[in-house]
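Paired with subunit B in one complex and with subunit C in the other, subunit A is shared by the two complexes that follow.
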Partner chain A sequence: MAEVRLPDWLKEPRGELCPAGKGGTHGFLDKTLMNISAFMRATLSSGAADRPGALQSLSPKARIAGFLFLILAGSLTGSAFMLIGALVITAVAMSLSNVSAASLAKRVAPPLFFTSVIAIPVFFEFITPGAPVFGVSIGGLSLSVTREGAETGLFLILRVGVMVALSSLLLLTTRQADFFSGLKELKVPHLFVTALYMTFRYIFVLLKTAEDAVLARKSRTIATVKLSEAQGWAGSRMALILKRSISYAEEVNMAMISRGFDGRLRTLRAPGMEGRDYIWIFLTLFFLFLSFGV
Partner chain B sequence: MHIPDGYLSPKTCAVFFAGMLPVWYFASKRVESELKLKNLPLLALGAAFTFVIMMFNIPIPGGSSGHMVGSVVVSIALGPWAGVIALSLALVLQAFLFGDGGVLAIGANSFNMAFIMSFAGYYSFKMISFGTPGRARKIAAAAVAGYVAVNLAALAVGIELGIQTVISAGADGRPLYAPYPLSISIPAMMVPHALFLGPVEALGTALVVSYMEKAAVGGAAKAKTGARPLWTTLVILAALTPLGLLAVGTPWGEWGRDELLGMIGYVPSGMASYEGAWKGALPGYGHPSAEGRIGSAIIYIVSAVVGSLVAVCAIYLWGRRWRK
Partner chain C sequence: MAQEVLRLSGISYSYGEGYALKGISFSAAQGESLGILGANGSGKSTLLKIMNGLVFPTSGEMRFAGDILDERTLNGPFQRCFRERTGFVFPEPDVQLFSPTVFDEVAFGPLQLGLPEDEVRRRVAALLDMLGISALKERPPYTLSSGEKKKVAIASVLSTNPDLLLLDEPTNGLDPRTQVWLFELLQGLKDLKKTIIMATHDLSLVGDFCDRVIVIGEDHGIAADDKADKILGDKDLLLKANIIHEHTHRHGDIIHIHSHGPFSIHDEHE
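Up next, the complex of A and B:
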């Protein structure tokens, strides 16, 4: 059967279709809807995970283990050269796996921006004393950027960027089903993998409940409501979702018992390790061992 | 609140994984024995609920809105051990599938948001709502629990980030991970949580618990809780009393002759005539035989125990007499 994929334009958010409930005490409705739709877009579009590529052709077990080695190496090293090496590996793996730089950058940019903002004071003399490189004057207050401060700040930004890029590349090249089967193959306790899978499955059910509630409220709201009324509504919906969660849990439990469920998650049998999986594991382990020394 | 990879050293991450492993194991056993077969779907749906609640914006004064973590709501509804597991599941999924929080930092994030928040929130709620609380007290207890829990978790994050400069600096002394010392990292975490994110968590927790009360959902609907939390609070407070030994200076209003002279230039005549008339059995909570700081501390604690026992005996005797 031919594979059916959603066209990209269908995944893009459209403009303001429903202006009701915007601003004031209704802004929270829009924000909640935006949060939910952004999450759905990010999760339901498998992106590069379905395309053929070097990383996609690896077994899930080898792919997850290899990325964990690389992330650990990125955390262990104290050398900027090693981090740049990890960045080069990420770039090569990205291009060999048909992952666009834009999609990776979209995931890396927010934490990298956040870290860059946090790191700004580190560049200056009042946090990191050292040899001044250049001075800036802000409103009569002169501040000096030190060499030591610049090195410390840039190193932090580089490390966080590399580690986020690695975990994002794993995310972009791994289907959710592969992730769970990979965890199972890596001998993570089955109870834990099953609970994770069920969590993932029911996030969408509960999100649908939340989305329906917010949309219904938004579509019925014309005038501005009192803050206490809006807060009461938000609290009641959250309590409703909690109540639904507990009643779903009971229904799922009964369904599990009636079907003879033994607590083990059944996934498609993952293919065994092949030559390329061993090469990938060897390369990532080699990089990890290198990071111990520097 | 989610710490990304790169801010914590591998040894810090390893310590938190090692610390959380027995917690996860014990929590799963505890939940299994308490909830029997229901545990798996209940935990999974509890985790899914925390996921959803983090996306739910709550309107706050000024036309803005914020979202809550939700750990306290889950721990109140399902119990603290189930809360630990449910929150940890949500954090693992967020790290691996959604890139929120670091993969290596899962142990630390679980400690902060699953362990600290669940337990601090649950026991704060229980302590304030001991006995047979009315609806208002339960809601107030939930608000306090949410505020306390999120601020304690923020404090833990501040400490974890702040100690990196000490435990994981490079050979030249420069920080390799989170670059700010405790004097900066703790206020940086605490100020926004104390002023903005804490009140949002408190408001959200109180709102959800008030509707849980109405709809009789989860543990919040239980009408009566034991008085044990009150005793726990009192014992903790008593145990923390010797912390005063760390303080320097004289407590306000307990000035001696020399301090008064230094402050206002004279000693009031009434005070001058009565000062030293009665020195007490253990003057200044000390004893001439106690030498050094440790000796003084021991005598201070013994004084506190003796004083407490005398007070309890007096109250007991007064109570017996009053009953007659």
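Up next, the complex of A and C:
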């Protein structure tokens, strides 16, 4: 084997200490990625699934079906009262299932914030004409918020809030394994269930890869990097992660085949339906029925 | 004489113009423990995947318990039988641990093979207990440490009770205590007459555990196939196959030339 010769500059000792740091902020890229990662972990975790509670005592099949009826009702109804009704059901189910309001709010807040931002133009006359409620002046341009615009915007925000709250409560109170076995028992196509199952599992591995890439770069970055360079680097990392996800998918497929997977995912059967499961399904189905008429 | 489990005859595998494996021929008998040594990129992992019917050779023939194993025959009852009787532990546990919980992970194989649910639950509980990881059964595998992941990966393969166990870099990333645990587990499986084939760089594990060693050379063909002590005692062979390397270093005024690994001896002084 060839002898390794260290270059002279690598042998020079550094005598002086580093100057004291003056503080600073995290880079935009790593901060964003860490936040996305934390949000995904919080959103996809089933934090309250192992606690005793009303929803947890239902069979996964009944639980998922009931939530699907409620979500369907929320998306079909044109009435704010029905949406408020769905919100009340969510709050009651949450308190009967040992889920804290804070943990649910943490999941609902980010999508609600983004929806509110997107919905802002809807409040104004140039998108939704109607009776002006009040006017604002921005840089010499006067804009009016209309009554119809405010109603439409608030209704949209309320509808999104209800949907996110319902789906978050379902995920919070359902173990991942139960969620997938419930979907299977509801006869959701197994290709869809398998794809969803893999997405849940490997999203964290890929996020960790992205985090490590950002940290590795950060540990070797001294000067401030130009925006165009940072954008170029981020683009190349995205391509790398995509490439890695493809090779990961191939390896995972092999690992599944090696253990007998033949394209049809078999899981342990979930417990059968009991009286309370039928009551839950009846109540949520009734709510869905009401939403058609209102 | 022990029954032949696997026979490879003239197996080659090519990626485009280059070869990953070239003219590999050997057989493995029931209860044999076989180590596969080779430098990085010599084709060890590809060879294990071929032996597990995950990739298929470009030329050559492979037989499992006397039956031809190829893309055409690996279906129906033979596929089920083959999958039940072989287990493959991947080098990267994250690839292998795709289920939502540890319990589901260990149950995955037997469930896919159609075992009754009561039997699956019984096997999973027994394995988790044997490996001392019962407390982890509800945990998602991605939250485990490297050693715990490796234990779950091994449990997930053992749950189908395979006769032939293929391990790719089994001690990779494990701390010394977990390496000892793995060695003792493999020794227990060897006593049960399981056939164990491992691709590794860990010469001490090969020396302590394997009966026989195959060396894959840098030309992707078999450079040697013999008893473990004979192969591991052949320093020239190991140097040539780039499995060990030699270097000089200084202890005070004395300069040594020696190789690395468990067979390193401070034998040449200048």
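Note that the second predicted complex is superposed on the first by the 192 of 294 C-alpha atoms of A that agree within 3 Å, B and C clash if a C-alpha of one lies under 4 Å from a C-alpha of the other, contacts with A are read in each partner's own complex, and residues count from 1 in each chain.
Methods note: contacts are C-beta pairs under 8 Å (C-beta built on N, C-alpha and C of every residue); 3 or more make two chains touch, one makes a residue touch a chain.
Predicted model only: the values in this text are computed from it and were never measured.
**Q** What is the contact status of A:Ala177 with respect to subunit B (first) and subunit C (second): first, second, both, or neither?
**A** second
**Q** Is A:Glu148 contacted by the first partner subunit B, the second partner subunit C, both or neither?
**A** Only subunit B; A:Glu148 stays clear of subunit C.
**Q** Please tell me which partner, subunit B or subunit C, touches more residues of subunit A.
**A** Touching more residues of subunit A than the other partner does is B.
**Q** Touching A:Ser258, do we find subunit B (first), subunit C (second), both, or neither?
**A** second
**Q** Is A:His190 contacted by the first partner subunit B, the second partner subunit C, both or neither?
**A** Neither partner.
**Q** Given the touch rule stated above, what does A:Met198 touch, subunit B (first), subunit C (second), both, or neither?
**A** Both: A:Met198 reaches subunit B and subunit C.
**Q** Which subunit A residues come up in both lists, the one for subunit B and the one for subunit C?
**A** 176, 198, 200-202, 205, 248, 252, 256-257
**Q** Could you list, by residue number, the parts of subunit B that touch subunit A in their complex?
**A** 4-7, 9-10, 13, 28, 37-38, 40-49, 51-53, 55-61, 63-65, 67, 73, 77, 85, 89-90, 92-93, 95-99, 102-104, 170-171, 174-180, 184, 203-204, 206-208, 210-212, 214-215, 217-218
**Q** Under the stated contact criterion, what part of subunit C meets subunit A in this complex?
**A** Answer in residue numbers: 49, 52, 54-55, 79-80, 83-84, 86-88, 90, 92, 94-96, 98-101, 103-104, 107-109, 111-114, 117, 120-121, 138, 140, 142, 156-157, 160, 245-248.
**Q** Which stretch or stretches of subunit A touch subunit B in the complex?
**A** 23-25, 27-29, 31-32, 35-36, 39, 42-43, 68, 71-72, 74-76, 78, 107, 111, 115, 119, 121-122, 127-128, 148, 151-153, 155-156, 159-160, 162-164, 167-168, 170-171, 176, 179, 191-192, 194-196, 198-203, 205-207, 210, 227, 230-232, 234-243, 245-246, 248-250, 252-253, 256-257, 263
**Q** Quick check on the complex: what are the subunit A residues that touch subunit C?
**A** Where subunit A meets subunit C, its residues are 1, 3, 50, 175-177, 180, 197-198, 200-202, 204-205, 248, 251-252, 254-262, 266-269.
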